[in-house]
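A short worksheet on the structure shown next.
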Amino acid sequence: MKIKIFVTGGTFDKEYNELNGELFFKDTHLSEILALGRSRIPVDIRTLMMIDSLKMTDNDRNTIAQNCIQVPEEKIVITHGTDTMVETATVLASQIKNKTIVITGAMIPYKFGSSDGLFNLGSALAFVQTLPVGIYIAMNGRYFNWDNVRKNKELGEFVTLK
Amino acid sequence: MKIKIFVTGGTFDKEYNELNGELFFKDTHLSEILALGRSRIPVDIRTLMMIDSLKMTDNDRNTIAQNCIQVPEEKIVITHGTDTMVETATVLASQIKNKTIVITGAMIPYKFGSSDGLFNLGSALAFVQTLPVGIYIAMNGRYFNWDNVRKNKELGEFVTLK
Amino acid sequence: MKIKIFVTGGTFDKEYNELNGELFFKDTHLSEILALGRSRIPVDIRTLMMIDSLKMTDNDRNTIAQNCIQVPEEKIVITHGTDTMVETATVLASQIKNKTIVITGAMIPYKFGSSDGLFNLGSALAFVQTLPVGIYIAMNGRYFNWDNVRKNKELGEFVTLK
Amino acid sequence: MKIKIFVTGGTFDKEYNELNGELFFKDTHLSEILALGRSRIPVDIRTLMMIDSLKMTDNDRNTIAQNCIQVPEEKIVITHGTDTMVETATVLASQIKNKTIVITGAMIPYKFGSSDGLFNLGSALAFVQTLPVGIYIAMNGRYFNWDNVRKNKELGEFVTLK
């Protein structure tokens, strides 16, 4: 059972540009993170985009959905900026009914050394292997159904709606 | 649903003693690791022992089993040295039939900065929330049933028996 | 021989705000960095300001100079953003003729885990102990006289003028 | 002015073998550490041995001394285990009268992420550029003349004899 990993950017993959002091995207660190975790699950990683999720358009979300539909894998992890994870999950839920899709991300860039990304990726890969068909967000050690989650932006954490 | 975490030592919690150049145990880093992962799952951490799993006796394994039986929690994560995880899982399986118990550990001490521990703990906490009653080992991004796993000591990774 | 350390901000002390994704200043990490380096040199650390050096005004530079003049210590290290180190060194050189002052900084924030800050602070403290009276910049493992240095902004490194 | 760096092993370059849980030497990390520090000083790195300094013999010390004598560089940094730095410095002082040689090391392996090695190397490179001819130990942010230093093994730090 191979797991598909779609990379879309987000804090997870941000880096610090030491020449101008700004954060930017270069390449994804997913392979490096999986190697650090000594992961031996068969995965296939594909970068769909490298953007801040606040800049993600409806078009981008449809691109993600189309890719989820077209690949043969039935278990998919998506790395994504945390700010609009719920919007993307909602688009996916409206179009995909037969796959287990887990969206995850990070509050701190992986490259900054004290990131939650390694923990989140470990949990997302575990959830995608064990949860039934559906669209989920995995953050803060928990999983949330796509229609029962929001990001509390003051606390920087995900909570259920009810 | 609170998750019980039992700490038994292992590479996970080893530290470097800069005065004599040896590895040793001081305190567990579990709370620190969970904070780094921004975990918001209710957990209760209890240190049962702080030992290298090669030094774990039958008596120690019975102590772990008794603790698993006595606590009210039905979902338990155990941090453990990797060398004898399978032996402990076997003892637990013989005595406990009504709980989900996931044993995890690390190949590199958490304090050494490039540890697989954060990834493994993320996956173990996810597996314990989603797997049915049973005794499991969570390593290398996967979960293994207690009776279908061994550590390949040449590669330093866990594989199924068949 | 106590060394005075004046903190003015700069990349050295920047942190990542995980709630809004921006870099900001909270407190200086100087004590933490010195502890990590197992430094046993007597130092006295004082934060004069916590700003990006591109925002440093003539007034700020005079504040730094006045502080350098007023303290009894004859050996002073200043942590500073790299972009305008040379301007500050020039102001100090015009006002101070009897102290050894070494300005240093970092290209990567200390908190990001792969910073040059620890290396630079080690070299700045060594240079201030051994160089004669004068105003210097310590970066890239070297020291530069205040009137023979510029930052090559394309490469992010300091070079002599001639 | 090129600086010669001789690598002899010591805690600086120790790594953790995740298969057997022991510390060992593979390759030196000097180039990596200098890159992290954005060092631009011309250096030439040569590994003479990779050993724990408690295992260093008179023969090994003579090898180090011979190499110091034979190279054209007049400024030399030696990375070395901390336990017998003083013995090596004494051998060098008896044979070499015309070079500046700075011996440094680390209490924590560089690979463990929270090492003093980066700080120490920064200070050693600065001291070797600025100190007069002589044999020195650079640790704890300070430099020590070879004949006025000992390691306080209880505290893990270097102090003067008087």
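Miscellaneous remarks
Letters A, B, C and D mark the chains as written, and numbering starts fresh at 1 in each.
Basically, a residue touches a chain if its C-beta (ideal position, glycine included) is under 8 Å from a C-beta of that chain, and two chains touch if they have at least 3 such contacts.
Owing to the predicted nature of the structure, the values given are computational and were not obtained by experimental measurement.
Greatest Cα centroid separation from subunit B: this falls to C. One inter-chain figure worth recording: subunit B and subunit D are separated by 39 Å, centre to centre, where each centre is the mean of the chain's CA atoms. Separation between the centroids of subunit C and subunit D, computed from CA atoms only, is 26 Å. In terms of their C-alpha centroids, the spacing between subunit B and subunit C amounts to 45 Å. Listed for subunit B are residues 107, 113-114, 156, each touching two or more other chains.
Pairs of chains meeting the touch criterion: A-B, A-C, B-D, C-D.
Listing the residues of subunit C that touch subunit D in their complex gives 33-34, 36-41, 107, 113-116, 118-127, 129-131, 138-143, 156-158.
In the complex of the two chains, the subunit D residues touching subunit B come out as 11, 14, 16, 18-19, 21, 23, 52, 107-109, 111-114, 153-154, 156.
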